[in-house]
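Look for chain A in each of the two complexes below; its partner is chain B in the first and chain C in the second.
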Partner chain A sequence: MSDTSRIYLQPTPIRIWHWLNAFGIVTLGLTGIQIRFPDYVNIFAGYKTAILLHNVAGVVVAASFALWFFYYSFVARNMLKLYVPSKDEVQKGLLRQAKFYLLTYFLGRPNPHHPTPQNKFNPMQKSAYLAIMFLLMPLLGLSGILLINIEPMRNLILMIGGLKILMAIHYLLACCLCAFLFTHVYLATLGRTAFAYIKPMWTGWEENESEQHETLDLTAPRPN
Partner chain B sequence: MKTIVGIIMVTAFLGAAVAPAAAAASGDGSQLAIYIFLGMCALIIVVQLFPIFFMLYGLLKGLFHGKKETAEAPVEVVVDK
Partner chain C sequence: MKIDKRLIILWIASLTLFGGVGVATLAAPDWMSGAPGWAIRFFLGYCGIVIVAQVFAVMGIIRRPEDSTVKNSRYRILPVLLLLVFVGLTPARAMQGSDCQGCHRDAAMVGAAFVVNPTTFDTTAHAEIGCPACHTSVGSNHPDDGLVPSKAGCQDCHTEVSREYAASSHYGSAACHDCHNPHQARGATAVSGHDMNRQCRLCHATDAVVERHLEWLPQTELHIAMLPCVSCHTAAQDNVITLYVVKRQKGANIATLEPASYVELQGLAKGKHVESLIDGNEDNYISLTELRLFNLNSKNPLRLQGMMTPETVTHDFRLLANRRDCSFCHASGPDARQSSFIALPQSDGSYRRMAVERGAVLDALYGTPDFYMVGSTRSKALNYIGAMIIAGGLVVPIGHGTLRFLTRKNRQDEKESDHE
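Moving on to the complex of A and B:
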């Protein structure tokens, strides 16, 4: 017997942040490719358009990042609990989840992690998101802010090692984020159906199907 | 009706908020690309806020419907006397 229960997993501010972030990062990636390789890629009307759109998308992603930070820090107040893996999760959970993704998923076994509003992410997600949201995204945003304001922040850029070093850092960080993006999209399709994990990020509600096996209670009185 | 008015108000507000940013981007075809990008962002926000609009609409509907019922009750008592 299967019992389907629904839980409200993704609140509205987080859904807004996620989709703004997704749309912004895809735009940043496409415009970034054109800016980096203008001789080979011409997706948007021109080089100037790509730069302007890249800057605007960067500001939107930074604003949505601020929304995410504000929501988890001051409204939900569970940022550390959600994003920092516990000792047990690092020691056992990481391996268990990796085993699921690499082997047991293909054998049709269920996901060992069952999300709740207070523990949304599995140990692998926690570790990845911790690095991305607290290291990669701030560094990427910071290097982007410096690249938008070259003249006013000239001294700071020189302190880092110059414009070329800064551009290389920004580009390498963007490549890391891009690598994560492909993994993220692939892993998001590993639910019961291809959209089982994507739908809650759009609607907020996740359907948890738990298998309940009927057991025969011999001590219970028989119905007449 | 209130939901539609709410949606229009939010859209207008978002439009007003993003217009200066788009206007700041100068000349040629770049402005259109930025308008499209910001329009899509506004659309994401509005669509995600739909459940809140519907909930508010339901609340307001329930509130006014409830008031109407309580307002009619004393009249019936007077008629009975």
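Moving on to the complex of A and C:
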């Protein structure tokens, strides 16, 4: 028999950030499609509405990014530990997690990683989130801020190489984020139940099974 | 009456010269200005005198010198009188052409207010009809007659435009000459977008314009800077993308890019035509390769700045509701943005356009790096790359999800064993 325990995994500021982000990014994606392909897509009433919504959603996502950064940097103070994979995780953890996703998951084996508030992400998550939160999101946000302020920031845009190059960067990064989003949403359903990973992001609490913890602790080395 | 053969030959030669030079002068009235003009007049006068003298000689009115046994005062005086009459008459003819510029090019002679720059004026459509076509009262005694020269009304020729303008919101606030100097007026495609807006700014200060448009227009400053006002405030049609050469002015901020003048471009062209700065093979056509070379040249202090300019302009100034709908310009799709031109300043103040290869403004990176019209200048190549990236993201849900579905029994078994 398993002894189900609950751990408080997602603190309130992070949950607010996550859902603001989610709502904002979906809005950005939909409005972005209309902005790029207005002759084919008209989801929102009028092009101007799409532009304004896109700008507002962009500012919301940028603000929520600031909230995330502030919380992990100055309140929880565990940003690097959460997001930067350790040497062991890079050398062994990545392979172990990839093996789980690509093989042992299909055989019905449990996930080798068990989240704790101080080690929420598995090595693959860490690597992906490191690239996304420290590279993709800042670049996407900065290019968006430049595009909202083309005339005042013409200097910077010219230094980058011009407006068209900036647009190309913004568009391709957005496509990368969109590609990640599909993977992210799908992998979020990979828990014991479809909502097992999604629910904690709403309530903060994740149900875990202590027996499995023990088993996994013996079979797989925990990351530092 | 016996006519000497040598006289006939002389006669024909003189007539040919007189007629030839006369016709050429009428065909190219510019020749009549300045010192060459006076030389031509004296030559014509000489030919005329010879012809008249020969006619008179044949008719026996005057005698040829070899036949004369006495000093013939008539023979000596008549040619001189005829020369003076002819030379006196030629300025009167020149007044009917562009010889007005003989005086009106010089501020010291006519005053700054009455100077007409011949370099600028000569290439306008108005130069083709000539000064007297509008200033009909100017006669041979001008300016000694003391009369104030008459001026034709613009509506005398531009009837349709005048009618259109009379119904516009501008009518009553500005006369034709408030925006158009008839001595500099050119067609829409021979004027830069910046020049068009310069006329508007004479009354509409940029700050005030930006402030009014802030109420509804996103990227207000950008739109005001990169669009000729007439593109939205008249029913001007057939908008194309025109690329102008801009240059960072010495000592100025990098962002302070101003249209490069003809003199600046000529200096950079090092003796060649200004067009050679972009049009490497000088075929009056800009290929995408030439465009890339221009944009990728790191030593090049010039950049290309795009404006959406109308091919045909109208004078029905008004507020058009459909211009407030962003999709009027931005949802037209890439097909509408295939045509583009590069316009370069010329020595006479006009702009000369060269067609650019199709798709320049859609090219991914180096076609027009500083120009992007969201929604209508998207690059197909980037569309495909983006689609491939997104498709890559779908591989995990679809591929993994399929295997997950097929192996669902394994996990159910595992769950059941856990519960036991």
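The criterion applied here is as follows: the second predicted complex is superposed on the first by the 209 of 224 C-alpha atoms of A that agree within 3 Å, B and C clash if a C-alpha of one lies under 4 Å from a C-alpha of the other, contacts with A are read in each partner's own complex, and residues count from 1 in each chain.
In the analysis below, a contact is a pair of C-beta atoms (placed from the backbone, for glycine too) under 8 Å apart; a residue touches a chain by one contact, two chains touch by 3 or more.
Keep in mind that what you see is a predicted model, and the values were worked out from it rather than measured.
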{"item": "Partners on chain A (chain B, chain C) - clash or fit", "value": "fit"}
{"item": "Which of chain B and chain C A:W19 touches, first, second, both or neither", "value": "first"}
{"item": "Contacts of A:C176 with chain B and chain C, given as first, second, both or neither", "value": "second"}
{"item": "Which of chain B and chain C A:A131 touches, first, second, both or neither", "value": "neither"}
{"item": "Partner chain in contact with A:V90 - chain B first, chain C second, else both or neither", "value": "neither"}
{"item": "Partner chain(s) touched by A:K48 [first = chain B, second = chain C, both, neither]", "value": "both"}
{"item": "First (chain B), second (chain C), both or neither touched by A:L139", "value": "neither"}
{"item": "Partner chain(s) touched by A:A76 [first = chain B, second = chain C, both, neither]", "value": "neither"}
{"item": "Per-residue contact with chain A, leading partner among chain C and chain B", "value": "C"}
{"item": "Least C-alpha distance (whole Å) that remains between chain C and chain B when both complexes are overlaid", "value": "5"}
{"item": "Shared chain A contacts, counted only where both chain B and chain C touch the same residue", "value": "46, 48, 52"}
{"item": "For the chain C and chain A complex, residues of the former touching the latter", "value": "218-219, 221-222, 225, 253-255, 303, 325-327, 330-333, 364-365, 367-372, 374-376, 378-379, 382, 385-387, 389-394, 396-397, 400-401, 403-404, 407, 410-415, 418-419"}
{"item": "Contacting residues of chain A [partner chain B, same complex]", "value": "12, 15-16, 19-20, 23-24, 27, 44-46, 48-49, 52-53, 56-57, 59-60, 204"}
{"item": "Residue ranges of chain A touching chain C (in the complex, touch as defined)", "value": "1-2, 35-39, 46-48, 51-52, 55, 101, 105-110, 150-152, 154-155, 158-159, 161-165, 167-168, 171-172, 174-176, 178-183, 185-187, 190, 192, 209, 211"}
{"item": "Chain B residues within the chain A interface of the complex", "value": "21-22, 25, 28-30, 33-34, 37-38, 40-41, 44-45, 48-49, 51-52"}
